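Chains here go by letter, A, B, C, D, E and F, matching the order in which they are written, and residues are numbered from 1 within each.
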Amino acid sequence: MARPDGREIDQLRPVGIQRGWLSHAEGSVLVEFGGTRVLCAASVQTSVPRWRRDSGLGWVTAEYAMLPRATNTRNDRESVKGKLGGRTQEISRLIGRSLRACVDFKALGENTIILDCDVLEADGGTRTAAITGAYVALADAVGWLRERKLVRADPLIASVAAVSVGVVEGEPRLDLCYEEDVAAGTDMNVVCTGDGKFVEVQGTAEGRPFDRAELDALLDLAAGGCADLTRIQKEALGRS
Amino acid sequence: MARPDGREIDQLRPVGIQRGWLSHAEGSVLVEFGGTRVLCAASVQTSVPRWRRDSGLGWVTAEYAMLPRATNTRNDRESVKGKLGGRTQEISRLIGRSLRACVDFKALGENTIILDCDVLEADGGTRTAAITGAYVALADAVGWLRERKLVRADPLIASVAAVSVGVVEGEPRLDLCYEEDVAAGTDMNVVCTGDGKFVEVQGTAEGRPFDRAELDALLDLAAGGCADLTRIQKEALGRS
Amino acid sequence: MARPDGREIDQLRPVGIQRGWLSHAEGSVLVEFGGTRVLCAASVQTSVPRWRRDSGLGWVTAEYAMLPRATNTRNDRESVKGKLGGRTQEISRLIGRSLRACVDFKALGENTIILDCDVLEADGGTRTAAITGAYVALADAVGWLRERKLVRADPLIASVAAVSVGVVEGEPRLDLCYEEDVAAGTDMNVVCTGDGKFVEVQGTAEGRPFDRAELDALLDLAAGGCADLTRIQKEALGRS
Amino acid sequence: MARPDGREIDQLRPVGIQRGWLSHAEGSVLVEFGGTRVLCAASVQTSVPRWRRDSGLGWVTAEYAMLPRATNTRNDRESVKGKLGGRTQEISRLIGRSLRACVDFKALGENTIILDCDVLEADGGTRTAAITGAYVALADAVGWLRERKLVRADPLIASVAAVSVGVVEGEPRLDLCYEEDVAAGTDMNVVCTGDGKFVEVQGTAEGRPFDRAELDALLDLAAGGCADLTRIQKEALGRS
Amino acid sequence: MARPDGREIDQLRPVGIQRGWLSHAEGSVLVEFGGTRVLCAASVQTSVPRWRRDSGLGWVTAEYAMLPRATNTRNDRESVKGKLGGRTQEISRLIGRSLRACVDFKALGENTIILDCDVLEADGGTRTAAITGAYVALADAVGWLRERKLVRADPLIASVAAVSVGVVEGEPRLDLCYEEDVAAGTDMNVVCTGDGKFVEVQGTAEGRPFDRAELDALLDLAAGGCADLTRIQKEALGRS
Amino acid sequence: MARPDGREIDQLRPVGIQRGWLSHAEGSVLVEFGGTRVLCAASVQTSVPRWRRDSGLGWVTAEYAMLPRATNTRNDRESVKGKLGGRTQEISRLIGRSLRACVDFKALGENTIILDCDVLEADGGTRTAAITGAYVALADAVGWLRERKLVRADPLIASVAAVSVGVVEGEPRLDLCYEEDVAAGTDMNVVCTGDGKFVEVQGTAEGRPFDRAELDALLDLAAGGCADLTRIQKEALGRS
């Protein structure tokens, strides 16, 4: 069965990574996975949260949000509702954990880098696009710190990229768009380091439990997709 | 004394109006006033708020917000703080009132148009850029309704544009950038209709009270700036 | 066309300023603009907000609120709703800015004066009555500080008064009561110093945009009204 | 040992009950117990809360609050803090329960009366003053309903009044002012009906547990005080 | 008329006090009053709230809550609603005040003991069971402090127990179960020290005001019930 | 290297499942995984959320929470803080999704079952214990519905159980206690159906990314553990 945009099952959507999209932030990226567009801004603060003080260690954290009209029908703002939804907090925590896997906190010293990932437009895979883009913004913020000699050693010890996979119409597929995501019986988000190890594996049976063979097929697809994204991240960081 | 970017005192910064920036929204505009960039999305809902039901009248409202790293130092998210700040609500109300001046609610019928104005990057004049861009997004949303014959008559009875003016170093100036805004002794935001009438005049003595002559000079500058913006809006709407 | 209470178009409603209405506050005033009654309490705190510490400068701030049954139909309490409305915050900010125009923060030293303006009964013009009364409460609180030699020099460098003006039935009028306010096509609040300069000018087209001639007529009326109020404030402060 | 204001131990402070203090409310009273002043407003709504609908029964509820500068040092507003304190809710519930003891809900029909009790100035006994004043405002609101023939029978089946008592310096005393309240080892609030029965008895050992003899003495004092207040309420309602 | 469970009017329900129900808490008790089960955990913190610092005095506070399905129909969680209800805060305050009557804060030193009382199952009398159980948990936490020589002298100067009484079908009864509580015309909660003095007396006319004779009968019943509970507490603390 | 409690690497802690722990709930279980104790209550509501009405379909949802002193140091209540933390919402969502995998919503009809999972004591694996216990409570609630003939067919189409696995000191282990959880380099929660398929797989590199071989070993352990838990659930449901 053909995919909505005619892709191969192991093919990513067109990926765009525009660095330096904002002028104030120490690192910033507009990342695109097909119709999904996320603005990732890395902000450096030369201090750490209270519970981390005097540890000599830095911190990396993330906040994910979606503009009200990123989606097909408008969603009310969480600022207006006065509370963060569970999905928002869950994704923010996922992005933060994923990026902390890249960082040597001793080398970072008592600095904090906050990654703000704001979804401007959503077509599936917003959290994986956010992680993939935020890594590049993080790398730029680390570069900013290194240029100013605000860190002694290189705090970046790995890269991370993320992609969604899922079983749609019985077929394992890479990088689902919204239409496929809705139809998926199983949905998995996988975060890998640049050398192919796993940082996060989150698989959910949306409709029907999955067996070990399906799980294995999805993990294979995801590992391949993350390798492709790692290459694209490297190219983006190579330009400047 | 020269302006930071060498402009004349009655000269706008470069203004950009990109229509159709989002694919889901019924109208959308990325508006730029120099370094200030605001994403304006118009969402049509085929219903009205509870207090307006069965009146035969439509409604237009707006929500303004700023991404955390739109500014030079990062601001905490209002969704995370769990409440809207006074400034945010004040500007949202201003944008809503300004756009309602363009609309015949009877012609709109029991539809609501919500204008989301999210500041991606801030360099002074975010509320005036938001109003100017939101008008164009509103016009596109009205076009969307008319194409689908969801309104009987044309609900748009006027256009609006807005600009800031201020007294900087004793000199009245048009369209202040952030650096000038901070230095201004008096700061005024003016919203005009396309035929040069006033919809809102909000002048504040930041440092030193102003006299009638200064007020008159500022109003003259603002009226001229709004006329220029009206022309730019028309050009943007002329392209398709 | 006659005004509801038979006033001239440039005539204020009966204004009452009762000082010392509360026994605990360092300054307190029950101010009446016709049927509008606002209790203004000035509280002195011998410290400043965190962001102002060690600056040698003082601070003045204000909070505006309305009792639930100040109006014709009861409004729910914002404390019960758990959030401040936009209108409340907007007016609180306006009062604070207006009163800060009267104060030399260096002379005030690291003291804070908080103006609480609680509307006991509303009949139009609550924000302008609040500013006019709060100035007198502020002056009394400054007197309290001077008596106790808690400030070196006189922190009061100006007085402020405020009044509403509007175009009702095509006619510019001073100090609108609620019935006129609802009917006004244009509504403006003006804050002036005692020597006739402008601190705030906030004009809004409620129904129909206004032209420069109308704006000029409203500004003239407002300047006259503020001059009358300044005189009444002086008389109130002359009594002890 | 003499009381701060020289009163007898069974003597109330001067009590003032001014009816009709507000022009919009269906009933309103400014009640004074010495230096304590509470504005009580009764609002009639011709509907009942959702859980009470179609029962044929009415409802009475109350909200208590204190202006920020009612007390010697300023308290932050609960609307600004974004939540109601425990003390506020506890007193609101007490006032509501006390007034519901006066009302035949069948006779009231599906109407709600809300009693807003706002403390303008506090010198001890604010909750008992609030109950005593709110009863008079309630009676006026019931009169308003009867005049308009919005109720069939008289919904008022009793009157209530309330007073505080306490053991200060080992001596049981009636109607404590703030200075005595702070010094009291035991503190009790008692609500009685006009015919001398108890609606609420809330006694608290502030410093030292109390024995049955002390409790009995306090109950005697309170019953006498409530009888005096009942007489004063009747006089106030007799005037028109 | 017989009670639902056949008890005498002055008879408690079966009371269970299991100490050490939790392994982490410094003191913990599962207390049962018939079908009512409350888990009381005492947590020691070797610091005091900010307003108590450098006073040399300790603090004791309590928090009461009910699991959503403690009752016959499920109640929404207050954490999900985002605010504490008035009843919850009122009971938390009552428990805290009651337990503070047992403690010499000087002997406790700058330590805080927090009593968490979570109702696992409710069948009337949850607040009185909570107080009775929390006292035992408090005693265990004090024992924990004494063993570790974290306090100099014994901070426990009294014991407290609590019971509900009420007039049901015209008859004063001790320790009401839910069915009786709902039917009670008058409802009273009484907290006594181990030597029979009163700490709190909170009587409420639910349906019909009560006279002095009824009040006296209820107080007699409650004093007897508290004496029984004091004996049961002593036995529980005697076992180790 | 031996585990803290001497278990084999593929051995569960002692598991306890006590049904009928609460008398009001339609299903209730106290589940124990070693020192972790979770009270699971299933509440039946004969209606569905607004967005589900008139669909003919039922709904199952869950709320997870922890008592303040379930852990070694006390945590502040989320009800007191006024907001739900991200972890709480994330786990509530996981439990809800897991249990929905067991249910045929058509057979359930327009009924809702809410699973409240309150952690009374925590020693690692609270979310997996909650899912395992909640399934049994759900089964009892479904039994309750079937007995009363409130459902036509059997809504239970599968069973679910959950367990944590992790790599500790380089060794994959089943069912981590708190001490092991803190030390784990990789931590995974797995939810399986009774016939060994996967419903959720959530693996996180806490310290160090994991490779495919480790992932496979963890999945094997988890599948075995879930099979053991399925057997224990069946035994518990077999008893009545």
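Everything that follows uses one rule, which is that a contact is a pair of C-beta atoms (placed from the backbone, for glycine too) under 8 Å apart; a residue touches a chain by one contact, two chains touch by 3 or more.
By chain, with names taken from UniProt: A, B, C, D, E, F = Ribonuclease PH.
The structure displayed is predicted, hence computed values, not measured ones.
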item	value
Partner chains that chain B (Ribonuclease PH) and chain C (Ribonuclease PH) have in common	none
Chain hops separating chain F (Ribonuclease PH) from chain E (Ribonuclease PH), counting only touching neighbours	1
Taking each chain's C-alpha mean as its centre, the one farthest from chain E (Ribonuclease PH)	B
Chain pair repeating B-C, as identified from D-E, A-B or E-F when over half of the contact pairs by residue number coincide	D-E
Interchain centroid distance [CA atoms averaged], chain A (Ribonuclease PH)/chain C (Ribonuclease PH), Å	51
Mean-CA-position distance for chain D (Ribonuclease PH) and chain C (Ribonuclease PH) (Å)	33
Centre-to-centre distance between chain F (Ribonuclease PH) and chain C (Ribonuclease PH) (centres being mean Cα positions), rounded to whole Å	59
Shared-contact residues (touching 2 or more other chains) in chain F (Ribonuclease PH)	82-84
Ring walk, chain C (Ribonuclease PH) to chain D (Ribonuclease PH) and onward	C, D, E, F, A, B
Interfacial residue positions of chain F (Ribonuclease PH) with respect to chain E (Ribonuclease PH) in the complex	22-25, 28, 35, 39, 41, 43, 45, 63, 65, 67-72, 74, 77-80, 82-84, 88, 114, 116, 118, 120-121
List of chain C (Ribonuclease PH) residues in touch with chain B (Ribonuclease PH) within their complex	83-87, 89-90, 92-93, 97, 101, 158, 188, 192-193, 196-205, 209-212, 215, 219, 223
